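For reference, chains read A, B, C and D in written order, and residue numbers begin at 1 within each chain.
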Amino acid sequence: MTVRPFSQPLEGIIPPLATPLLDRDTLDVPGLERLVERAINGGVAGLFVLGTTGEGPHLSYRLRRELITHACRFARQRVPVLVGVTDTSVVELLGVSRHAAEVGAQGLVLAPPYYLFVGQPEFQEYLSRVVPELPLPVFLYNFPALTKVVYEMDTVKRMLDQPNVAGMKDSSGNMTYFHRLVAAAKPRPDWTLVIGPEELLEDAIFAGGHGGVNGGANLFPELYVALHRAAKAGDHARVRLLKSVVMDVSENIYHVGRHESSIIKGIKCGLRCLGVCDDFMTEPFNRFREPERTRVAQLVERIQDRLKTVL
Amino acid sequence: MTVRPFSQPLEGIIPPLATPLLDRDTLDVPGLERLVERAINGGVAGLFVLGTTGEGPHLSYRLRRELITHACRFARQRVPVLVGVTDTSVVELLGVSRHAAEVGAQGLVLAPPYYLFVGQPEFQEYLSRVVPELPLPVFLYNFPALTKVVYEMDTVKRMLDQPNVAGMKDSSGNMTYFHRLVAAAKPRPDWTLVIGPEELLEDAIFAGGHGGVNGGANLFPELYVALHRAAKAGDHARVRLLKSVVMDVSENIYHVGRHESSIIKGIKCGLRCLGVCDDFMTEPFNRFREPERTRVAQLVERIQDRLKTVL
Amino acid sequence: MTVRPFSQPLEGIIPPLATPLLDRDTLDVPGLERLVERAINGGVAGLFVLGTTGEGPHLSYRLRRELITHACRFARQRVPVLVGVTDTSVVELLGVSRHAAEVGAQGLVLAPPYYLFVGQPEFQEYLSRVVPELPLPVFLYNFPALTKVVYEMDTVKRMLDQPNVAGMKDSSGNMTYFHRLVAAAKPRPDWTLVIGPEELLEDAIFAGGHGGVNGGANLFPELYVALHRAAKAGDHARVRLLKSVVMDVSENIYHVGRHESSIIKGIKCGLRCLGVCDDFMTEPFNRFREPERTRVAQLVERIQDRLKTVL
Amino acid sequence: MTVRPFSQPLEGIIPPLATPLLDRDTLDVPGLERLVERAINGGVAGLFVLGTTGEGPHLSYRLRRELITHACRFARQRVPVLVGVTDTSVVELLGVSRHAAEVGAQGLVLAPPYYLFVGQPEFQEYLSRVVPELPLPVFLYNFPALTKVVYEMDTVKRMLDQPNVAGMKDSSGNMTYFHRLVAAAKPRPDWTLVIGPEELLEDAIFAGGHGGVNGGANLFPELYVALHRAAKAGDHARVRLLKSVVMDVSENIYHVGRHESSIIKGIKCGLRCLGVCDDFMTEPFNRFREPERTRVAQLVERIQDRLKTVL
């Protein structure tokens, strides 16, 4: 399939889309369409499917392919669709990647294989073998808390020579790493450098990064888009105002549950409260029960009220 | 397929079989047959395929199914075949499990889903939903260093009530955990309690455990079988003698490479030195190069010499 | 002061004595005397003061010196007194060590300095400079969970050449480490190899170790002494019987509180229940409150009842 | 001693002073005077002695007191002197604190006691008992990588009510934590919020923080002072220029050695290259040897050249 190339670096907000589900292996297709529309109408620069927020590794391969197909169809090339293809199995990884290329996705997002520990030289060998086989531009995905393996700076520097590597999504939460990344990537001004944790969005922009892959942009895309713009413009007063709402989302909606999964549960529950899609979650997680749902609904409403005054 | 039930608890050595490969997605079928024969002739009590040593999570699902089929065929019900089905995706997990049941495997081995962090109550819910759907007896697999999630004692105790849970393989390396496990499992004398790290095999037997799932038993099944028997018999002098050879394997063959993968690389390389199968490894790993291979060959020969005097 | 040399290796139980306190900086001297008598009457092989259980790093240096003096006086050379001297400051470490030598202690226990991370080559240099300055035999103390630095096997092997290093106390909880230690220490048959976690006492003896530095021996010295003897004798039936009581202490008395400090709190509270000494704890900890105290009292009584039947 | 109160919040750079030493227990007094003058002439807002960079926990208590006395004497109240008093022993902590108050220090810096794990409720109790006993304003010091205990947000919020708590130094390296801290500290506009890692200095200022406690300010105080000012002024172009020099220091001078100690070794070695003081380090560390020293000298010279063009 022929797709329009996207301008590089990609600047702005690229929400890691939640995956609307009806049950364990059934995609909520209309829900996905509403979610895609909401994001694009909110001004996002791209869509990232099958990431952590999208429960990617927890879905069947069949459903992953179906999701990619529909997401590309709904996006209609208004913004590029990036696909999380991280896998412990390189054969499955390549299969999903080829499918993504065939149905019109525009980039792949690749974290280290996440079961066994891989030494950095082994990981470099892995990348030098696998990356050239990938049929689309590749965004490296650094998330050592989940994958146990970090993209060390030396590894990043080697990737500068790979023409089909297009940048990095850093979810380490380590701003020192991000500063080092910006410095290291100087020779590739086309590289897209985006940050995962939304609490660090403006830090990343001030540091020379291009945007954020922020889970909260599923719920309130305009908020993150506005914060990105304010930071780009160096408008510190507006950054502080918008940031206080971002922290409200983060400190409240993401802390309704007791476990670390409360972030993705909170996002999916919030989407239901907003009427976007169902909040079903596949194993190993479970959607919030009624008391948590009520609490999320209240919080979502409060944030919406605040957004009326700040946007 | 009708299979002979295995006696419970399962006592002895259950090698976590390496997966002989010709390339990334091609099984070395004759190599697998030789490996299975070597183990059964060595006196093992069962076979465990698609574990960590078997590069399970790194193989395609197609190859995983093919491997299960052949392993069951080669085992000819002389010993039970246990299949590692741990997966981040429950749909894939169930598919592999059903295949295993259809082709004559006799047990499933289940570690926690290993991408996102799962809180213990969430994990308990996961188990209570998934375990009853599994078509074969289930061995819990505790390996928190790789999965980030531990089977806490409270979770183990809840599993005592699940009739199709048949025991646990503990690879935590934490003998205090194993002692607690033995105490907790008292109400289920049919439970099989086996230990992963071969350096702890006799400790586990002395503690009341039933055996080991030890990688080195791919190479020298008789050694581990003999150590198991000596420990069962309380023959401390013989335990000390055999243990010194086990430590020789562990301190030397497993330390040829620099990375944590040197254990599974050393085993696979040793199998090649012994003429059992090729040493090809799929991504993210790579077989040893010539200097390491020469070193492993020397070590394997030395261990074989020592075995002549102690067995 | 002239002290009788102790036979090496030191075989048996060496309780890490709790430090009886009346307040933040006042030693409960009669309580200490009762504690020492209880341990020696219980058949211990030595006394270890100012360890983790003894709140060593939390006491003033003045009180540490006072405690060493009294402990040596009360021990009356019936068993050797070993003194924990681990310190972030080498000047203070040497001061306490000299005091210990002057008042008749017979050994020093040395863990890595525990504030900044120290690389292993740096740690080896540290040991090679500091150990020769120490005026008494030194027992290395491996407790990486608290010190962040491990005595790697290579470092242990270098210490074999230091004549005044007398062995190691391993509190890593890692039995594989202990097996490697036993193998590495072969050239020094005089080295004492003892284990910290009481849940691993018989494992350590079976592995070729000499004893345990077990917190529970403050409360019930006879129990641990009996378990040590049974393991030495290879009497597995008796080991299993006594071990079940050790696990009862460990699973219950050490789990009354919610935090990791519940072990040392439980021991100190149990000593009060037994009438040995007050349960005051210095900062950063606090003794148990009434509900926990009542629970500990019940548990101590139950264990005492069980001991009547097994000892 | 009467000291001039300092304005709160304290804005600017507060270097964590290295401790110039002639040997293990001898202060390099003239070196300290030069170091203090260099910092004050460079425009710093305060001095922090006995921190991590100052090898605080590795010094004898006698030397710590001597250092505090001299530092206050040399500072002559031109800027406040803050003293690291973190200790595993509360009695020693109080002794050093009282000495600091007597000789004219103006603040104390308090991290959690760093040997045993302390649960957060236990830590809160500790703080509520110890902080009111401290004779000077207290800056909380968050450095969980070294102390194992974090100042959780709930604990920070409780400290807002303690009148003699004056702020926090955050060395967690976690900017999300810092953003949460700024939000939580809103009710105390007098609180000083400063960041440890110099790579995050401008992020902290943009986030609403007041300054940095940056090790590199021992070497080049003007650089960090200038970066602080540029960030305060929202001058992004100048921030980027100065930041590139800060990253040069961080990526190069701090990476001459192999171990984590290379930061404090690099700083101390750099001070010698600059003629400020000797580079002797007390145990467990050791100064750089000749090849590393030559390398540091080159790097220091290069940075000095760059500073001529940017300052």
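Throughout what follows, contacts are C-beta pairs under 8 Å (C-beta built on N, C-alpha and C of every residue); 3 or more make two chains touch, one makes a residue touch a chain.
All figures in this text were calculated on a predicted structure; none of them were measured in a lab.
Engineer: What are the mutual neighbours of chain A and chain D in this structure?
Structural biologist: Common neighbours, chain A/chain D: none found.
Engineer: When you check each chain against chain A and chain B, which touch both of them?
Structural biologist: none
Engineer: On a CA-centroid basis, which chain has its centre farthest from chain B's?
Structural biologist: Result for max centroid distance from chain B is chain D.
Engineer: If chain C and chain D share one sequence, what is the angle of the rotation that overlays their CA atoms, in steps of 5 degrees?
Structural biologist: 180
Engineer: Between chain B and chain C, tell me the centre distance in angstrom, where each centre is the average of that chain's C-alpha atoms.
Structural biologist: 36
Engineer: Centroid of chain A to centroid of chain C, CA atoms only: how many Å?
Structural biologist: Between these chains, centre-to-centre, one finds 50 Å.
Engineer: Could you list which residues of chain C touch at least two other chains?
Structural biologist: Not one residue in chain C touches at least two other chains.
Engineer: Per the touch rule above, enumerate the chain pairs that touch, sorted by label.
Structural biologist: Chain pairs that touch: A-B, A-D, B-C, C-D.
Engineer: So in the complex, the part of chain C that touches chain B is made up of which residues?
Structural biologist: 173-176, 179-180, 183, 197, 199-200, 202-203, 206-208, 234, 236, 239-240, 243-244, 247, 251
Engineer: Sort out for me which residues of chain A touch chain B in the complex.
Structural biologist: 24-25, 52, 57-63, 88-92, 112-119, 121-123, 125-126, 129-130, 146, 258-261, 264, 282-286
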